[in-house]
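For reference, chains read A, B and C in written order, and residue numbers begin at 1 within each chain.
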Amino acid sequence: MVKQITSFSRNGLLDWLYQRISAIVLGAYFVFLAYFIGSHPNLTFGQWSGLFDNLAMKIATLLALIAFLVHTWIGLWTITTDYITERMMGDKAIWIRLPVQVLYSVMLSVLVIWGIVILWGGH
Amino acid sequence: MTKLKTLEFDAIVVGGGGAGLRAALQLTSSKLNTACISKVFPTRSHTVSAQGGITCAIASDDPNDNWHWHMYDTVKGSDYIGDQEAIEYMCSEGPKAVYELEHMGLPFSRTESGRIYQRPFGGQSKDFGKGGQAARTCAAADRTGHALLHTLYQNNLKHGTKFYNEWYAIDLVKNDKNEVNGVIAIEIETGELVFFKAKATILATGGAGRIYSSTTNAHINTGDGIGMAIRAGFPMQDMEMWQFHPTGIYGAGSLVTEGCRGEGGYLINKDGERFMERYAPNAKDLASRDVVSRSMVMEILEGRGCGEKGDHVLLKLDHLGEKSLHSKLPGICELAQTFAHVDPVTTPIPVVPTCHYMMGGIPTNIGGQAISPNGDSDSLIPGLFACGEAACVSVHGANRLGGNSLLDLVVFGRSVGMQVTKQIQEGASISSATNDDITKAMSRIDRLNNSTSGESITELRSLLQNTMQMHFGVFRDGKHMHQGLEKIKELEKRMGNIHLEDKSKVFNTARIEALELDNLFQVAKSTAIAAEFRTESRGAHARNDYTERDDENWLAHSVYWPTTEKITKRTVNFAPKTMEAFKPTVRSY
Amino acid sequence: MKANIYRYDPEKDSKPYMQEFDIEIPDNKDIMVLDLLHLAKEQDSSLSFRRSCREGVCGSDGMSMNGTNGLACITPISAVAKNNKIDIRPLTGMPIIKDLVVDMSLFYKQYEKIKPYLINDQPEPAIERLQSPEDREKLDGLYECILCACCSSSCPSFWWNPDKFIGPAGLLQSYRFLADSRDTATSERLQDLEDPFSVFRCRGIVNCVNVCPKGLNPTKAIGKIKSMLLNKAT
């Protein structure tokens, strides 16, 4: 009933599903990282960097980055459409909301690309 | 005066309760340009409070049930002054109207075979009174009225009825030929006045239980349609007939459905005795409402009432078991907790007969056309229609059976819709009202808006309610009623001098209450005059000075004429179309 | 008893204020908040509030009493008064028309949006459509809604987006028709709810459940709608 073009998937059910799946991916990733740090009390840079040389870890990290992008996009979009609305601040809302949405989209994209560069860019 | 804004429709329905919504639905789905004017959002109308169900011979509980038996019960319940042609129509069309409701989505309770659940109600029998208790009341738990009203509102949304919610109709506009052209109404939110002009004006404004101080009725039941019609000079029928429901919660007045007794509950006095066994050996607690209410008052008067003041009796339900109570009577369990602070699962509910229903009203034919009885023939009032509690078709006569009011709403709401559609499609029209006619209809609101000092609305209202309660209750007698009428005449002088303190426009509820008080007063006065006039006991009208029914003189409707304040008699219809009439006999349960 | 009542008359007040009423309670009875309002109106006839059935079934008098939404007619003063004092305010988050009367048009609009009526494209039988008691039982806890708006007006998601989020009351009714074995429009109904606002603005904070005067559970119904949507899409 309500059409939206700036939402992540333009579909509430998909957004809702993506948010949950991305939460699971992020959750699993950070639990693993916590476990890794916990089991290496005297963690060295070598061990840490070795972990990320592993292909499986690279893939997992990439997945986590994408999940981060999706999860944050949906979350921030919700916040902008809850609080930065015509009902709350009148006609000027669109001129605040849209730039904010563009800004976080760009920031999130930069973060993800930067992450990929770190992961695959070599030492 | 600036010219009043006019909105024009084929038909307007005043009132958004069960009858109004059913009529509006019929009209809108017949493609008539229809407006429904309601002083509250439609689902706040009093139909929402109906609990037990809608009585109708759909033969679910008993496959052999038939509408003739229902008709017999209704005629007997009416104490023989219900019009038999109308009752025949209601009982025979009933099943169709109930199935329609089900098709619209009404969430009826169900039997194991998937049909509509029916429960026993008072005054119901099989085989013309010879086959024992029937179970004929179709129910949606104990929230049938709520389910019905919401279903009707929903279907009006589906079909696109134009709603004017929180608009209050003030007075009818009629021309010099006594034809009704519409109503003047005020939008409560803005205070704006508008003339709603229509070829047909349907009054579905419900009851007026607020003329009594103790009533099951909502605050909004102020007899607005009756008041408007009386001010326009149109007659009222059987206004002395007021039903006192046996089980209003003591102190609060909230209704406890007859379905409680239908499901096996019964009344006890202070000795724990099931006293209805003495008054109605066969039907016991499921005798007709007038009979049960009188028996309760007798118990109280003879010193067997309960409580410190001995002024109520108890409704015992605990023996039905927690599971059954919670599934069949969940709303009652909530109400009893809230208003009587008892849990019916363990403790009986204190109850007392409480004003519940107006059997009288605007006399109409089966098509809902308002009638001006004229000797033996009836003349029709062009443009005016009525249905539901505001109308007197008359299917309830001197006493309504439980579950018959919801049936009345849908059957006659539907039939008034069909009648109006037919007339408009056949090109019926009425001549327009002049500016003078409109000004006349505005006079009441103008006076109120210009009042500078005078009587308090709340004070007059409570005086009126107390007078009615004291002098026109379950038992009546000539002397007492005469005193009551004198008090009402006194009040009438003060009524002309009501003062509206707050003249603001936006959502001014004080203005609406002042306008409502006029209507309450008209209803009360006609009730008092008609009650004093009927010198017999029949149905709900029980006199200590005339204790017997007098068929020789009083097998008749009373008709109140507002301009002369006189009563005349009108012949009861004993001519059903498809069968022999039921002859008056001794009425016992 | 002191009643602090929210007052605003757009014709004369530039902004709302709280008016203190000193109210004598007859016989010190535990009256309902609605009775208290009637007593206040006797002191000041310009006080406006909605009321009708006075027994909790019509849904007219939803309001905020000492911070919690409920129906004034079935809320005893003992249940809300603190130190013999009650604050009475209109339903939260809705535009005020006057005093305790709020503009409910968006609330009703959301209700209308869910097509709150049975849709069945099969020809009507000569009698009622059959429904088993088990199927009928699925409507319990849904059809009883009285549209008082206590739930929706206590829901932050509805405060922010009352024009887009259907809100707990509307969604409860939406599920009432989705759950009805007689309704054949399930997939169209679900399709209408897939967008990011109509259903998915519900964050499951159960404010609606906590205030519902009829003891209904919109959050649970919304959960069921989400499962139905997921079921349909996967």
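The criterion applied here is as follows: contacts are C-beta pairs under 8 Å (C-beta built on N, C-alpha and C of every residue); 3 or more make two chains touch, one makes a residue touch a chain.
This is a predicted model, so every value here is computed, not measured.
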With centres defined as the mean of Cα atoms, the chain at greatest distance from subunit C is chain A
Higher number of C-beta pairs in contact (A-C or B-C) found for B-C
Averaging C-alpha coordinates per chain, one finds the centres of subunit A and subunit B separated by a number of Å equal to 64
For the pair subunit A and subunit C, the C-alpha centroid-to-centroid distance in angstrom is 37
Rounded to the nearest Å, the gap between Cα centres of subunit B and subunit C is 28
Within the complex, subunit C is touched by subunit B residues 40-41, 43-46, 48-49, 58, 95, 98-99, 102-105, 107-116, 140-141, 143, 146-147, 150-151, 154-155, 157-158, 189, 218-220, 252, 254-255, 331, 334-335, 338-339, 457-458, 501-502, 504-510
Subunit C contacts subunit B in the complex at 9-12, 41-42, 45-46, 48-60, 74, 97-99, 101, 104, 108, 112, 115-118, 120, 124, 126-133, 135-136, 139-140, 143-144, 146-147, 177, 180, 182-183
The subunit A residues in contact with subunit C across the complex are 1-4, 7, 10-13, 15-17, 78, 81-83, 85, 87-88
In the complex, subunit C touches subunit A at residues 113, 157, 160-164, 192-201, 226, 229-230, 233
